[in-house]
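Look for chain A in each of the two complexes below; its partner is chain B in the first and chain C in the second.
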Partner chain A sequence: MATSSGTGSRYAAEFKSFVKETWLGYAFMLPASVLLGLIVIYPTLRGVHISFFEMSLLQPGQETFVAFQNFAAMASDPKFWNAFGNSILLTGVAVALQYLLGLGLALALKEKVPGVALFRSASMITWVLPVVVMVIIFRFMVQPGYGFLNIVLGWFNLPTSYWFGDPTTAFPLVVTMHVWRNVPFFAIALMAAMQSIPESLYEAAEMDGAGSLAKFRYVTLPQISYVSMIMIVLHVIYTFNNFDIVFLSTGGGPLGSTEVLATYVYKQAFQSYALGYAASVGVVMLVLLLAFTVVYVKLEDTE
Partner chain B sequence: MATETTREKNLVQRFDDWLGQETTPKRALATYAVLALYFGFLLVPVAWLVLSTLVSSDTLYSSTLVPSLTELSLANYAFVLGLGEFQGYFVNSLIVAVGTTALTLVSGTLAGYALSRFEFPGRKPMLLSFLSTQMLPRVLILIPFFLVMLDLELVDSLLGLVAAHTVLALPFTTWLLKGYFDDIPRSLDEAAKMDGCSQVDILVRIIAPLSLPGFAVAGFYSFIISWNDFLMVSILSQTAGTRTLPFGLQLFQSANQVNWGLTLTAAVITMIPVIVLFALVQKWLVEGLASGGMKGA
Partner chain C sequence: MGEIDIDTLRKVFPGAEGEIVAIDDLDITIEDGEFLVLVGPSGCGKSTTLRCIAGLETPSSGTISLDGVDITDRQPKNRNMAMVFQSYALYPHMTARENMSFGLKMTTDLSKGEIDTRVSEAAEMMGIERLLDQKPGEMSGGQQQRVALGRAIVRDPEVFLMDEPLSNLDAKLRTTMRTELQSLQSEFGVTTVYVTHDQTEAMTMGDRIAVLNDGELQQIGTPLECYHEPANQFVAGFIGSPSMNFFETSLSRTGAGARLDHEVFDYLLDQEGTDAVADVSDSVTLGIRPEDIELADGDEPNAFSADVTVTEPLGDVTFVYFEIGGQQVTASIDGDILLSEGSTLDIVFPQNRIHLFDGRTGGALKNREMPTDDELVDVSL
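Take a look at the complex of A and B:
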């Protein structure tokens, strides 16, 4: 009798602590959840809703249900397809370059040479700079006559120009800014992944007669594949979503050559006041980003 | 004795000794060469920005790369710092960034602690949905968000900016802090519980003091998210009273098209607080970002 009532009360106590933990858990989650719910999740759902309406910022109260008309208009809007193509191209090229260059920098930063710690920390500077400061640096660098890049080009008698103003070079410059900003982050994450590879794997590979290239191919690369995937997916999302690098440097020009979906949505909403149409372009971005996010969450889950 | 033998060695050998056992001189030189290339690309633009703020406009608008030391002056800084509107932007940036950091750390710590220590239904989905919010297109969020803020009369208020910046920083901060809390052995909580500490006591007295590097990284991250933001401010700020530096800088730039000296100086002043904070936390930041990327959910 005594024992059974003992177990009973132990279960009761455990149940009580479980309930208490659950409540405390929710209570602790509350502030963050309310903030995210109100400012991110609700507006996203509302944004999807707005995409089925015709709505102008000039008359905030009025909205007309137009079903899929915004999406139909998008399909025949060459500016949308231009921005769509640019977004995909920018994301693909920038992230590929970031990964390859980041991998190279990671290999150098993981070497145990004197002073490497200084390089490791200094490398992150480009990543913490405000985007607007980075854009000012780049715009100044390409000023004809007195910009760093044009001065150097001038030495070799190469053509100089305000490269952001030229439709063929503006886009590569935007890619360069993305790469400049994010290569260090790639490098630091990949370096950390390389440092956690057990030395024994390299020793085993050496016993099998592997040279340094083979060791890189068969030991390093497979061991950093998880971190690589995470970094790539994160940056695909970041780059695709990014607004201010393009908006502040070229505003999408010249001649729409650097227009991306994010700047197109912004202009439609806050410069043309076409909220409904802007929201529908935003929904296209949302669908593409969600697809990436699913990949990301799957990867996170496997760890 | 030791010094004499060192002196007798030639340069290559001394270099070799200095490197330690694992690195050969050839490998070290190759490493430095690669690092030099990368840092030329990454840091020369920043160095040139700073240098350009110190020279006269004659030199600035010439093709001189290296100015003479005697002509360097802080005149641009004196001028920009004396501008009333610029001081206003700076103060606004500071208020919003500090407010964002405080709000993010408090709500992120509570959420991170709950996700790390409590078992409750919906724990994992909540963490994943927190993380997923970071991937939603911000320009889409901005449209209804602007309408919500209009209704709440938070457009053109610093409080509205703090709220907007907090949600930008919160998902990553929560996840980062959860990672730091996960690393603290649970036996410490259990022991404290035996001594009659409440959950709040445990968080404040045991977990928080052990997670200071985590708070440094999370706080820094929230601060720069807020300090660097242009998008939210460009929509929510309508008058000079709520403008922060990035937005002010953009206006400043268009207003001073011809005066690069002042624009560049304003840019340097905008980045200085970030660089100083970065120097303070970089030790933990490199570690935190590197390990944070690997921990998983």
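Take a look at the complex of A and C:
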């Protein structure tokens, strides 16, 4: 049995070390928290704040509180709705294609065929290529006269054109660039998930009478669902927010056919100088993405 | 029905340094309803054999027949066999119920209701009704094991294949499951092929055991046959715990009979032993099980003294380790006899308990006397 004074000093020592260690912990967290606050939390809150004001880059320091007027203006702005629709279409089509093609590529790369290791590394090239370089390659390929695509079409006497300049083909080309860029990343992530599935599960399924399709449906798919969710959420956010691919290739044109919310926000803020309006469009994007993420994570949980 | 006939089965894997022969011309016939245990050290080919029977590996040559029908090239799903894996291999995203009904869903046209009935019956048999709506991640190892067994039972297969199903369980649970598996198997009367590296499991569970080493069948027989009449030195050393002690001796013939000369002791063989080594030129390995070593009064023939290095009292028996000619020798002595480490004891290997093996080939020359029929009857009563 410890004496009362012994017990007391034990508690005192524990309290001391607790306080000491806790404060040390806070001290370690402080720099990161301050940094995060400065570069993430403040701009976000400031952006939301601006969306309720009328502000122009031409008159710095002049802020007029307009409540929800920016949002009301948005509702009757056809250019906004065009960009909104394009953003959703681009995100939906591009991510769906990326996932399906990535899944197919993952299944192919998983096979133990000679030379597959080289192919695995090579397939990552599109993903590590800088966006600017990728866009230049694509623009070059569709140049009339000397672009590779048009040369090939010329061989078959098919119509050639500057495809980025055509309102009907520009949007599919933007989708293609997104897909081309991200399919390998999907493939590598899904393949890693597939490789972590124990072989014995497939053997058990085989003993249970499952064919190749059933094995894919009942063993592979459920086992990669978590990685699939992460990849889809990440890429929906990435594609929805993406600015550089669209801006560098078409700048949102021709005739707004490839305008997405990200380029529209940029144009409103830095070409029309309507900071408040741009911020309110940004808030709409933020809310949409938050809603999407919440719904998807909830769905995944109930699976 | 479920008679399996394995005929000159051979499985070769390509390896970095040439081919690896996993199974070398294996011949085994497994009777309908029999519990056969494949036992051997790691890499002896026992799991590969099981996987060939299951259809998960394709044999390099040889045939496997089920009830006289060649099934060597059939797909696993067309063999009507169920397998229990070492890792259980339960589908992690499915509940126990879904795990158990998956095979029936895939292979039969049974309605959902019929499948549910069969799953419930199997679950009741395994005592896992309350686990049916849980996923494997929420269960203990023992519970997963039961679900895995239930998944095999519910299929009502002709053959059960089990690949070290108990090796991931703790010692106590393993003993319980051992008896439970045995009673399940005899209840169903389904042919069972069971792979293990644990000789205790092999001895206690099998109707017959097949001892494998380096892809070759060493011996197939009842557990007691393998224990009392090992075909060679490998089987003698593998079956029985603690392992049999071996002494390499050189043979010399005297007027009184053959004599085995060891660094520490000489062992004069009786007439039976002398006859057994008649065809051997020089080297003979003497084998004696720990439980057959006896303490001597000092005046028995062939007795000699040895130093005790370590004692391990287990209560009923004490394992005594001797140092004999630089080699560690284990004896199992009555637990009531108190021995201290460092003492010197006189020990003797009784003539009717020794095993003799050809020093060159390892083949058995003489085995200890089998228990007499009277003794066996007494045991079984």
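Here, the second predicted complex is superposed on the first by the 267 of 303 C-alpha atoms of A that agree within 3 Å, B and C clash if a C-alpha of one lies under 4 Å from a C-alpha of the other, contacts with A are read in each partner's own complex, and residues count from 1 in each chain.
One rule holds for everything that comes next: a contact is a pair of C-beta atoms (placed from the backbone, for glycine too) under 8 Å apart; a residue touches a chain by one contact, two chains touch by 3 or more.
Everything numeric in this text was worked out from a predicted model, so none of it was measured.
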{"item": "Partners on chain A (chain B, chain C) - clash or fit", "value": "fit"}
{"item": "Cα-centre angle that chain B and chain C span when viewed from chain A, reported as a multiple of 10 degrees", "value": "80"}
{"item": "Touched partner set for A:246, first chain B, second chain C, both or neither", "value": "neither"}
{"item": "Chain B versus chain C as contact partner of A:265, first or second or both or neither", "value": "first"}
{"item": "First (chain B), second (chain C), both or neither touched by A:22", "value": "first"}
{"item": "Winner by number of chain A residues touched, once chain B and chain C are compared", "value": "B"}
{"item": "Chain B versus chain C as contact partner of A:210, first or second or both or neither", "value": "second"}
{"item": "Touching partner for A:35 - first (chain B), second (chain C), both, neither", "value": "first"}
{"item": "Chain B versus chain C as contact partner of A:223, first or second or both or neither", "value": "second"}
{"item": "Partner chain in contact with A:201 - chain B first, chain C second, else both or neither", "value": "second"}
{"item": "Shortest CA-CA distance between chain B and chain C [superposed frame, angstrom]", "value": "7"}
{"item": "Chain B contact footprint on chain A (complex, rising order)", "value": "18, 21-22, 24-26, 28-33, 35-36, 38-44, 46-47, 50, 60, 101, 104-105, 107-109, 111-114, 116, 119-126, 128-133, 136-138, 140-141, 143, 145-146, 148, 151, 154, 180, 183-185, 188-189, 191-193, 196, 226-227, 230-231, 237, 241, 243-244, 247-248, 261-262, 265-266, 269-270, 275, 278-279, 282-283, 285-286, 289-290, 292-293, 296-297, 300-301, 303"}
{"item": "Touching residues on chain C, where the partner in the complex is chain A", "value": "54-56, 75-77, 81-83, 85-87, 89-94, 102-103, 106-107, 151, 155"}
{"item": "Contacting residues of chain A [partner chain C, same complex]", "value": "198, 200-201, 203-211, 214, 218-219, 222-223, 225"}
{"item": "Chain A-touching residues of chain B, taken from the complex the two chains share", "value": "18-20, 22-23, 27-28, 31-32, 34-35, 38-39, 41-46, 48-49, 52, 60-63, 65, 103, 106-108, 110-111, 113-115, 118-121, 123, 126, 128-145, 147-148, 150, 163-164, 166-167, 170-171, 174, 199, 224, 227-228, 230-231, 235, 245-246, 249-250, 253, 260, 263-264, 267-268, 270-271, 274-275, 278, 282-283, 285-286, 289-291, 293-297"}
